[in-house]
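Below you'll find the structures, each written out as structure tokens.
Shared between the two complexes below is chain A, which pairs with chain B and chain C, respectively.
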Partner chain A sequence: MDIKSLIKSTSVEKRVEDAVNRSHSVQNALNAMVSFIDPKDQLEALGQLSKNLPFYGVPVILKDLVNMKDTRTTGSSGILDNYISPYDATITKKLKEAGAIIIGKSSCDTFGMGGTNMTAWTGPVHNPYDLSRMSGGSSGGSAVLVASGVVPMAIGTDTGDSIRKPASFNNIVGLKPTYGRISRYGVIPYASSLDHVGVFTRNVKDAALSLEVLSGRDDKDMTSSFHPVEKYSELLTGSLMGKKIGIIQNVVDSIKNPETLNQFNDLCHKLEEKGADIKLIHLNEDLMHAFLPTYYIIANAEATANHSNLDSLRFGVLKEGKTMDESMILSRTAGFGKLLKKRFVIGSYALFTENQEEVFRKAQKVRRLIVEDIKRVLDDVDVIMAPASSQGAPKFDDAATDLLSSEYLIAENYMALANFSGYPSITVPMGYVEGLPVGVNLTAYAFEETKLLDIAYGIECTTGIVDIIKEVTQ
Partner chain B sequence: MNYEIVIGIEIHCELKTKTKMFSSAPVSVNMQPNTCVNEIDLGHPGTLPSLNKEAVRLSLMACMALNCEIDPLIKFDRKNYYYSDLPKGFQITQQFYPIGKNGYIDIPTDNGIKHIRINRLHMEEDTAKQYHSGDETWIDFNRAGTPLVEIVSEADIRSAHEAMIYVEKLRNILVYLDVTDGKMEEGSLRCDINISLREVGTEAFGVKTEIKNLNSISNIEKAIQAEVIRQTELLESNQVVEQATRRYDDVQKTTILMRKKEGSIDYKYFPEPNITPVLIDSEWLKSIRDNLPELPNHREKRYMDAGLNAYDAGQLIQNKALSDFFDQLIKDTSYVKLAANWCLSDILANFSQKQLLDKSYDLKYTEMAQMINALGKQEISSKQAKDIFVELLKGKDYHLTVKSLNIEQVSDHSVLEKMVEEILNENEQSILDYHNGKDRALGFLMGQIMKKSKGQANPVITNQLLLDGLMKRKP
Partner chain C sequence: MKEMDVQGFKALALQCRFELSDEEAQDIKNEFDILISQMRLLDKIDTTGTEPMIYPFETVSHFLREDVVEDVLVISEVLKNAPKEKNGFFVTQKVVI
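Let's turn to the complex of A and B:
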């Protein structure tokens, strides 16, 4: 059921109460919630608002990176375990103004820095399709809460593929719009030049509706765009006739799982039958091998500076030392996990004066080359497309990955292309591989969200995988 | 051995904006600690900077007045270090592309005009202010995020006196632009002096020390003199100067070590990703240039063209508030020299600098100008002017004051003639003295008339009538 129908067919009290109850009942199995927010005040405030608002009384969940005044926002970290936001993020304001009821904050990899959700301070998040498997990350909590039917929409953030990968693992829609489309003000960063705010929903219409509500220029975020916001949800036709879809051949070639390839080929045939013009495109293979190192260098360099504010002197969990310097060191040592420290060290290394030219600046140059290459292929097609993952969600103890294989370097990490370029990108369900959901990912040129969403809607109509709720029983 | 003094100066200057460099919190002017802050100034998670356009405008004005090349593409960088007065763990500054570079100002020296090059002018944000008391440190975040420009000179300065003149002149320019209040004692203008010695005739720079926290123009000169003595003594006794940051102690009259520079910190500068580069509109740039306030040099020339001598003009322009007062005054009087004298003596004696700055006085320029005009035309005496001025200070009108003090001028010829006749009749000896060449007699007779008229006789007319009367009685 989409959000519009939900509003029509239920009362505010019922849908909010259902969501709150469900958020508690799945917690034991999924471990996806970090904080529960009592919706009482928001429900009272709703009385002042128009019943025609797009999210009127619709329960939603924020990734634990999103500030909401007077609520706990930990970033799924230890150092901010006691942090109460003194202000609203711009998207929090927009959601409230649209009538949404925020019922909680969802778990993520600490500050969005990860792809497994296993670095969350509150522990791993479980995949509703198989509790022994991971949710994917970094926005894992939001993904599984939408997938298991707790809320129809949850906010995520996406720095490498942190919305679009977990969407793939959880059979839902994950949208990351153009850089600057949604304000980042009030969202705890990972890497400012790659960070995007986006949404999880169970159908493309809801993703389009959410985008309408969240988008727009924000003077508090200088990188936010003046580009006009369209009525994305009203512009969906689902027609694929004449739509040029470029298949990223490098990605397909590096996938080994035959079932994934079958699913994907099958989808391509069906799209062709519906009139889509399927083309094969090739990205520069050398550049694709450089995606991951380029990403790591830029993201971690920015991250190490972005998180230097966390010294526990003004907020956060303080471990008191004899001097202020010592207090900072003790607090940061205790408040960050091992993986985070590793990333800060990498980021710092890349920025040292003696390394900066050879490491950080070079990565920025490679990023520009990558973006040029993506532009080149998008000149000929409306969207580029490939499976969003080479298979279903991995097991928690899966250590078999060869970190230097093309399957890992390309198939599992190519979606960062939309972060390098800032182009809009969406994952929608594709089918099931070994019983687990796998999504397909589409990317379009900057600010072509309308076209992107329309093609995604066409795919959704083709697969028929829409509004799926995975009931969790334990 | 003979040493040459090599000095470069970095000036941090707080800009006079309503709000902070990257947040909408008000800039604190002596407000209660930690009241002018918001989540951005405190570096809360998720906050982002938004550039203050007014700060850019003021910086552009400074660039123009200091003859800098302007980079029309504004970019910022992060300077990374951990310190308790730096909420974000980095400072947003302009490391790679300063808004202004390659500027200069000319300063007067004993050997004529000297060109001091300005390496760069860049925008950045201020840190919080720390107060240490015993074991405790108190932090006031009001200052955090206050807009600053940093102005870095080349090492072109060669003496303590030149350094002082440079800072004084630069400060005055910035005050004239009204981009800062330039108060060194309150820290809104802060100087770091880099100083080294080298043998006369050599090219290589010696090891430099940096003197920080100088809180007055005069201390600049004193601190440098003290540091030159210290460094000279070290070099003369074959010791080395250690690269370090020092401060000047006004009581001990010497510089004191603050911290050594052991392997300087790597600030890991990199471009600020949250501020997209901003291209300055050329129309805006032009309108700023066209509306640049009058600079001290120009004003000095204008005063001299109007008839002031170099000394008076120089004295006036050094104090912008006083000079502004003078400009108001000379709208209504052409007796500029008189006006300047009054400004430099009576106005300074009666008004505090704060009063001048805030224009918090009752005196009306037009009334004072009328007084100066009357004085210039010798319609009143200096003594009368002083009495009138006391009343004008209270905000009274010139004409009413003149009336109430009963010092209305007598200019009526028949009245004055009668008075002259009477005085001459009473002072036969003085007439004789005058005609015998004793000029003092004329002054004595004028004095007698003034006395008789209670100072109200128009001195110009009276003088003429007296001369006429004396001629008639030539023996």
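Let's turn to the complex of A and C:
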């Protein structure tokens, strides 16, 4: 059921109560919530608002990077475990103004830095399709809370693929819009030149509606865009006739799982039957092999700088030493997890004076070449498309064996192309591989969300995988 | 690229104002070889004459706003997060001794 139908068919009290109850009932199995927010005050404030608002009385969840006044915002970290937001992020304000009721904060990899959700301070998040498997990350908590029917929409952030990969693993829609489309003011950063705010929903219509509510210029975020916001949800037709869809052949060639390839080929045939013009496109293979290290260098270098403000002197959990410097070191040592420390060390390595030109500047130059290559292929097609993951969600103890293989470097990490370029990108369900959901990912040119969402809607209509709620049993 | 050993990683961490345990430093060292191999993939790409890309778009989206005070955070609310505060200020150990 989409959000518009939900509003028509239930009372505010019932849908909020159902969501709150469900968020508690799945917590033991999924471990997806960091904080529960009592909706009482928001429900009272709703009385002053128009009942025609797009999210009127609709329960939603924020990733634990998003500030909401008087609530905990920990970034799923130890160092901010006691942090209470003194203000609303712009997206929090927009959601409240649209009538949404925020019922909690969801778990993520610490500060969004990870792809497994296993680095969250509160422990790993479990996949509702198989509790022995990971949710994907970094926005894993939001993904599983939408997939398991707690809320119809949850906020995520995406720096490499942190919305679009968990969406694939959880049979839902994950939208990362154009860089600057949604304000990031009040959202704890990871890497400022790659970070995007986006949404998880169970259907494309809700993703479009959410984008309408969240988008727009915000003077508090200097990177936010003046580009006009369209009525995305009213422009969906689902028609694929004449739509040019470019298949990223490098990604397909890198996938070894035959079932994933069968699912994908089957989808392509069905799209052709509906009138889509399927073309094979090739990105530069050397550049594709460089996606992950380029991402790693830029993201971790930016993160190292962004999080230098976590000193526990003005906010955060303080471990007091004899001097201010010692207090800072003790607090950061105790409050950062193992993976976070590793990423900061790598970021710092890239920024070494000796390495700056050879590592950091080189990565920024390669980024430009990557984006030029993406532009080249998008000149001939409406969207580019490939499976969002080579298989279903891995088990917690699964680890990629060959970290220099094309399957790892390309098939599992290619979606960062939309972060390098800032282009809008969406994952929608594609089918099931070995009983687990796998999604398909689409990327369009900057600010072409209307076209992207319409083709995604056409795919959703083709697969029929829509509004799926995975009941959680332990 | 600069070669690194366990002690080098510990020193780097300290520059970032945190400490690595022996185990954490060794883990990073163990992973570093593969990371360097991944970074070396960039060497295959000719970037001669290419400018670094800092942000996705180069269209200017920032400007100097009018110097008008707006959306002021209430000091007492901000200081609720401070481990120690006094008279509207954060309190730390002495910096100048």
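Please note the rule applied: the second predicted complex is superposed on the first by the 473 of 474 C-alpha atoms of A that agree within 3 Å, B and C clash if a C-alpha of one lies under 4 Å from a C-alpha of the other, contacts with A are read in each partner's own complex, and residues count from 1 in each chain.
The criterion applied here is as follows: a contact is a pair of C-beta atoms (placed from the backbone, for glycine too) under 8 Å apart; a residue touches a chain by one contact, two chains touch by 3 or more.
Everything quoted here is computed from the prediction, not taken from an experiment.
In the superposition on chain A, A:Arg314 makes contact with both chain B and chain C.
With both structures placed on the common chain, the touch criterion links A:Tyr232 to neither chain B nor chain C.
In the superposition on chain A, contact of A:Tyr83 is made with both chain B and chain C. Of the two partner chains, chain C is the only one that A:Thr294 touches; chain B does not reach it. By the touch criterion stated above, A:Asp219 is placed in contact with chain B and with chain C alike.
In the superposed model, A:Ala305 lies in contact with chain B only, and not with chain C. Residue contacts after overlaying the shared chain place A:Phe352 against chain B and chain C alike.
When the two structures are aligned on the shared chain, A:Trp121 is found in touch with neither chain B nor chain C. Of the two partner chains, chain B and chain C are each touched by A:Met328.
Set against each other, chain B and chain C touch different numbers of residues in chain A, with C touching more.
Once both structures are placed on chain A, chain A residues 83, 86-87, 193, 219-220, 222-223, 304, 308, 311, 313-315, 324-325, 328, 348, 352 are touched by chain B and, in the other complex, by chain C. Every residue of chain A that touches chain C in the complex is listed here, in rising order: 82-84, 86-87, 179-180, 193, 219-220, 222-226, 286-287, 289-290, 292-294, 296-297, 304, 308, 311-316, 318, 320-325, 327-329, 332-333, 336, 338, 341-342, 344-346, 348-349, 352, 354-355, 358-359, 361-369, 371, 403-404, 409, 420-423, 446.
Of all residues in chain C, only 1-2, 4, 9, 12-20, 24, 27-28, 31, 34-35, 37-39, 41-42, 44-45, 47, 50-57, 61-62, 65, 71, 73-74, 77-78, 80-84, 90, 92-95 touch chain A in the complex they form. Residues 38-39, 42-51, 78, 80, 82, 84, 87-90, 137, 266, 268, 270, 273-276 of chain B are the ones that touch chain A when the two sit in their complex.
Those residues of chain A lying in contact with chain B across their complex are 65-67, 73, 75, 80, 83, 85-87, 89, 184-189, 191-193, 219-223, 301-302, 304-305, 307-311, 313-315, 324-325, 328, 348, 351-353, 356, 360.
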